[in-house]
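Letters A, B, C, D, E and F name the chains as they come in the text, with residue numbers starting at 1 for each one.
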Amino acid sequence: MSEILSLAGANLISPIILSFALGLAAAMARSDLSIPEAVAKGMSIYLLFAIGFKGGASVAAHGIDATLLLAVGAGIVLSFGLPFIAFALLRVLTGLSGLDAAAVAAHYGSISIVTFVAATSVLEGRAIDAEGYMVAVAAAMEAPAILSALWLVARSGTAGRMEPGLMREILLNGSIVLLVGSFVIGMVTGEAGLAEIAPFIVSPFKGVLCLFLLDMGLVAGRGLRQSRGVLGLGAVAFGIAMPLVGSVIGLGMGMAIGLSAGGIVLLMVLAASASYIAVPAAMRVALPEANPAIYLTLSLGVTFPFNLTLGIPLYVAMATMMTGG
Amino acid sequence: MDMHQAKRIEIVIEKPMEGRLAKALSSAGVTGYSVVPVRGGSGRSGPWTREGEIGRSGMVMFICLIRPDRLDALLEAAFAVVERHIGVVSVTDAMVLRAERF
Amino acid sequence: MDMHQAKRIEIVIEKPMEGRLAKALSSAGVTGYSVVPVRGGSGRSGPWTREGEIGRSGMVMFICLIRPDRLDALLEAAFAVVERHIGVVSVTDAMVLRAERF
Amino acid sequence: MDMHQAKRIEIVIEKPMEGRLAKALSSAGVTGYSVVPVRGGSGRSGPWTREGEIGRSGMVMFICLIRPDRLDALLEAAFAVVERHIGVVSVTDAMVLRAERF
Amino acid sequence: MSEILSLAGANLISPIILSFALGLAAAMARSDLSIPEAVAKGMSIYLLFAIGFKGGASVAAHGIDATLLLAVGAGIVLSFGLPFIAFALLRVLTGLSGLDAAAVAAHYGSISIVTFVAATSVLEGRAIDAEGYMVAVAAAMEAPAILSALWLVARSGTAGRMEPGLMREILLNGSIVLLVGSFVIGMVTGEAGLAEIAPFIVSPFKGVLCLFLLDMGLVAGRGLRQSRGVLGLGAVAFGIAMPLVGSVIGLGMGMAIGLSAGGIVLLMVLAASASYIAVPAAMRVALPEANPAIYLTLSLGVTFPFNLTLGIPLYVAMATMMTGG
Amino acid sequence: MSEILSLAGANLISPIILSFALGLAAAMARSDLSIPEAVAKGMSIYLLFAIGFKGGASVAAHGIDATLLLAVGAGIVLSFGLPFIAFALLRVLTGLSGLDAAAVAAHYGSISIVTFVAATSVLEGRAIDAEGYMVAVAAAMEAPAILSALWLVARSGTAGRMEPGLMREILLNGSIVLLVGSFVIGMVTGEAGLAEIAPFIVSPFKGVLCLFLLDMGLVAGRGLRQSRGVLGLGAVAFGIAMPLVGSVIGLGMGMAIGLSAGGIVLLMVLAASASYIAVPAAMRVALPEANPAIYLTLSLGVTFPFNLTLGIPLYVAMATMMTGG
């Protein structure tokens, strides 16, 4: 326990977390500090490209593990399954309508790639290796949850419908394409390719991540400030309980399929994190009646900071304990 | 200058619906429109801004000049897309140069 | 299509005044507006552009559709903000879909 | 509020022609205009977007409020620039505050 | 021959080419992956500044070669002359109108700086030196071709006219000014200046180039998708034949004026590549009746990928063979 | 004297100054070279974050100096006081109205962070150490001058009024928040934090500064071109005299409170430089009748280039001479 706390403490005073906190505080205090949309999007493209490429290069270096397919399969199962658990939990903890609950559930089945990146960074800091292909698992987990949510809504007889073209849109979503694409490039060009562009995608990576988290803090803080009162206590409780539930399930599946300690942590993080980019856009198309203030505030304002600060060190502690690391 | 009657339609719609509106307009035979970015705004769902955002959030504005007799077809097409979504549709009388373009 | 009379107000104002105008509009009970970026322009103080700028300089454009009977309240609120500042306010007649939104 | 008749001219023109239109307007004595970015659109030459582009491609929108009696001079100046090029010119009736500015 | 193929093969699996291919594929599949205009422009400014500066610093290090003036002169002659060859070839191979053919010809007389950058990168990878001032040759070749095209149009009696101010606009074009300006800065500050900013303009250069080519792939793919049917077979044949013709002429001139093998490759690449930024904008002003879909698709959708993938290794092979390298 | 000249000469041919000169020349010649607003803002955020963080990390490394509070206090006194001197000088040298003179005075009491950054860069180049907390002094000097200017206007009975909310706006201004925030992060995470992100905020710093100064040259040049005739000779004289006066006062205060030679230079630079971002925005709100062409042209078109080229080496020479360095 005390070790978890010291890990969490060390995590809390990293430049990455403090940058997020700075953004959060600035937005709460209504500073006009802001990062242009184009720059924020540029940084997200950089991060996706770098994380995908490095994952692919690592697979090229270590060879494809027999568990690759199992891990991707586990991710897809998680993404399909977690929304049902989230939905049930929401019905118990909150008074959200079926529609809103389904929309929130979709977010928690999907993933937050920045949480994943932050976790990778923590693992690196502690010299814990992880399977490079976990990036592919992340990509595979982005979309399935949306289908589960639509099914939940359809079952309850409300308006949700599968818009024509929506499935293609979700699967060819920019972040999935970039993540998978750069993963493949990294795999094909291998260590040599990585060496060529490492001064761009490896060395400055953490610094860019700081600025990106500054931006996420600004956006999250603005959201929290504007949606004060939107979330009841039950909803906030869900925003913290759900990642814990997800991470435990991720832990079990990761151990079952034989991932390394690092891989298990990443699967836990994927299960525990909630989408705030791809899924919200899909929800605006498919479930426009659902209230975006609820799912955005929960995902970006509650669960994201929880995972970033306490969740990740906790998941690391759990995984190393269970794998006897 | 030779001016001709036209209607100017302005549609503010959520960004994730942009492609669908474009498709609906072209299916309805609308020959031209321009899309202008919207930086932020306010409505019943409160104020918002695009600063720092990275996804397909926010809104865009379609501006469309058409011959008056084609207004109804356009509005029907637009309404089918906007109906269940947030968004604002307005129409103004206008005069245009070079009517052959509309 | 069921259309309703409305007024379309367009206000070009300096960016540092953006927050004050937004506050004034909402105090005046204006339910909705959209803000569009302005890249540059020209006026009595000469031409300008936002290229390469980094501060809160330049201008933005508020576009606001309202019920005609609320025009005066809006104009008064806007004028109180624009009065001492550079900026342009114009009003056009328009028709809107879904009048309940305005 | 003291409002005055005005015309609102909106010109969508290719970006490489932006400087020429600005020069033509000022030669025609037009005292003010604002330029708004256009993110994309569609016309007889098909759909387009500015995403990922780096050159002076795409289009921009000039918005210009003037006294009604100066409309013809403006349109002539604008037409001389737009004539051989793609682009759309529309005119709307508007009311403005602070007429001394136009 | 087999060596050319193996060079081409090695070239094809570089991160740079694969990033372009990823962008192309994403756009073709109608993914919403896209890079903001401001970020794309920012990257292009970075690349121009870096390539100009490095060229200048290299000139400062190696001294001004007697062939500098000859090389710039050769570039100007090529830029003036190639449009005539392109025009003739287009009249033979395609049914394009005189106006459209002249507009296309202007693009092929001018140059693509990204192709030049990619070639530099390939040369570095193979440790082949090139004259630093080839950057100045690139700048000198941007504009003259436009005059030739206008002359071709004027001769045919069509509408093209020299808009007042156009010449100044073309010569003071942002990319020419930045390229020449940073070249001069690099020359003045020399190796010491380069050392100060090398961690910015040298180390991460290739990585930025990858993201930039991802964007170019996206733009090219979008163009190809939207202009399907615009180009006939003859036009496509021109898009591949013309760079070959240009490169051979470049090879001859490069050898005649005594450039190094690397310098010859770069001159070939300049001759073989087609503009897709400066010239299109000039054409919209001077020849608005010419169809942009034709010249953009040819330049960016056919010739650019050809040069990037097959052209550059071929030119390297030709130059090293002819100079006995 | 000859040493100052040689220092100035060495300073003048640095990539940083030449990049500014390139931008200036390009804008004067009406080239269309320009850097997108989002990219320019992104670079400014990078620079503020980097300079704040490095300052904080340096404080963490060297311990908090007893003079920290004194230095911040001196900065605040300077920022409050300099506008009065500037105002008096303007009334003597120019025919500006009280309103315009007060608006200009506010700019000269506040600071230019880029001038500060450029000075830091020069100090590093000459291996002169400075107190890391000078960054905090810079932040403290941004706002007070605005109050002095408003007081000057109120006294003269003209329209200036303290808009409700303006003070909060000024103090929570994005650049102050980012500078102070990253300073604190640097202080908390210390050398370890710096090591993590140094490849992002240290190595490429100077290169980014070059591109940023290119942009500032473009903006300054455009301003100078458009406001030709706005400034009389007296105003231009003020734009050069005021930084000299400010720097001498800064020198005195820096010596009085016992700063190191490097710290004295930075205090001189802060006193000598004029704001062109935060204060202009505040003036548009509080003193809309004041003519922005005057204060922007003076601050960005006259004083900024003067400090960048001649001022900084002069201040370095003065400080080293006075401290017997």
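Heads up, the rule we're going with is that contacts are C-beta pairs under 8 Å (C-beta built on N, C-alpha and C of every residue); 3 or more make two chains touch, one makes a residue touch a chain.
None of these values were measured; they are calculated from a predicted model.
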Common touching chains of chain E and chain C: D, F
Reference chain F; chain at largest CA-centroid distance: B
Centroid distance [mean C-alpha coordinates] between chain D and chain A, Å: 45
Mean-CA-position distance for chain C and chain B (Å): 18
Averaged-CA centre spacing for the pair chain C and chain A, given as whole angstrom: 38
Junction residues of chain B, two or more chains touched: 36-37, 47, 56, 92-93
Chain A residues counted as touching two or more neighbouring chains: 32, 34-39, 41-42, 169, 199, 203-204
Complete list of chain pairs which touch one another: A-B, A-E, A-F, B-C, B-D, C-D, C-F, D-E, E-F
Chain D-facing residues of chain B, complex: 1, 3, 6, 8, 22, 25-26, 31-37, 60, 63, 65, 92-98, 101
Residues on chain F engaged by chain E in the complex (per definition of touch): 13-15, 18-19, 22, 25-26, 29-39, 42, 199, 203-208, 210-211, 214
Complex contacts: residues of chain E adjacent to chain D: 34-37, 40-41, 44, 159, 163, 165, 169, 215, 218-219, 222, 226-227, 276-278, 280-282, 284-285, 288-289, 292-293
Residues on chain C engaged by chain F in the complex (per definition of touch): 14-17, 19-20, 45-57, 84-86
Chain F-facing residues of chain E, complex: 36-39, 41-42, 45-46, 49, 53, 168-169, 172-175, 177-178, 181-182, 184-185, 188-189, 193, 196-197, 199-201, 203-204
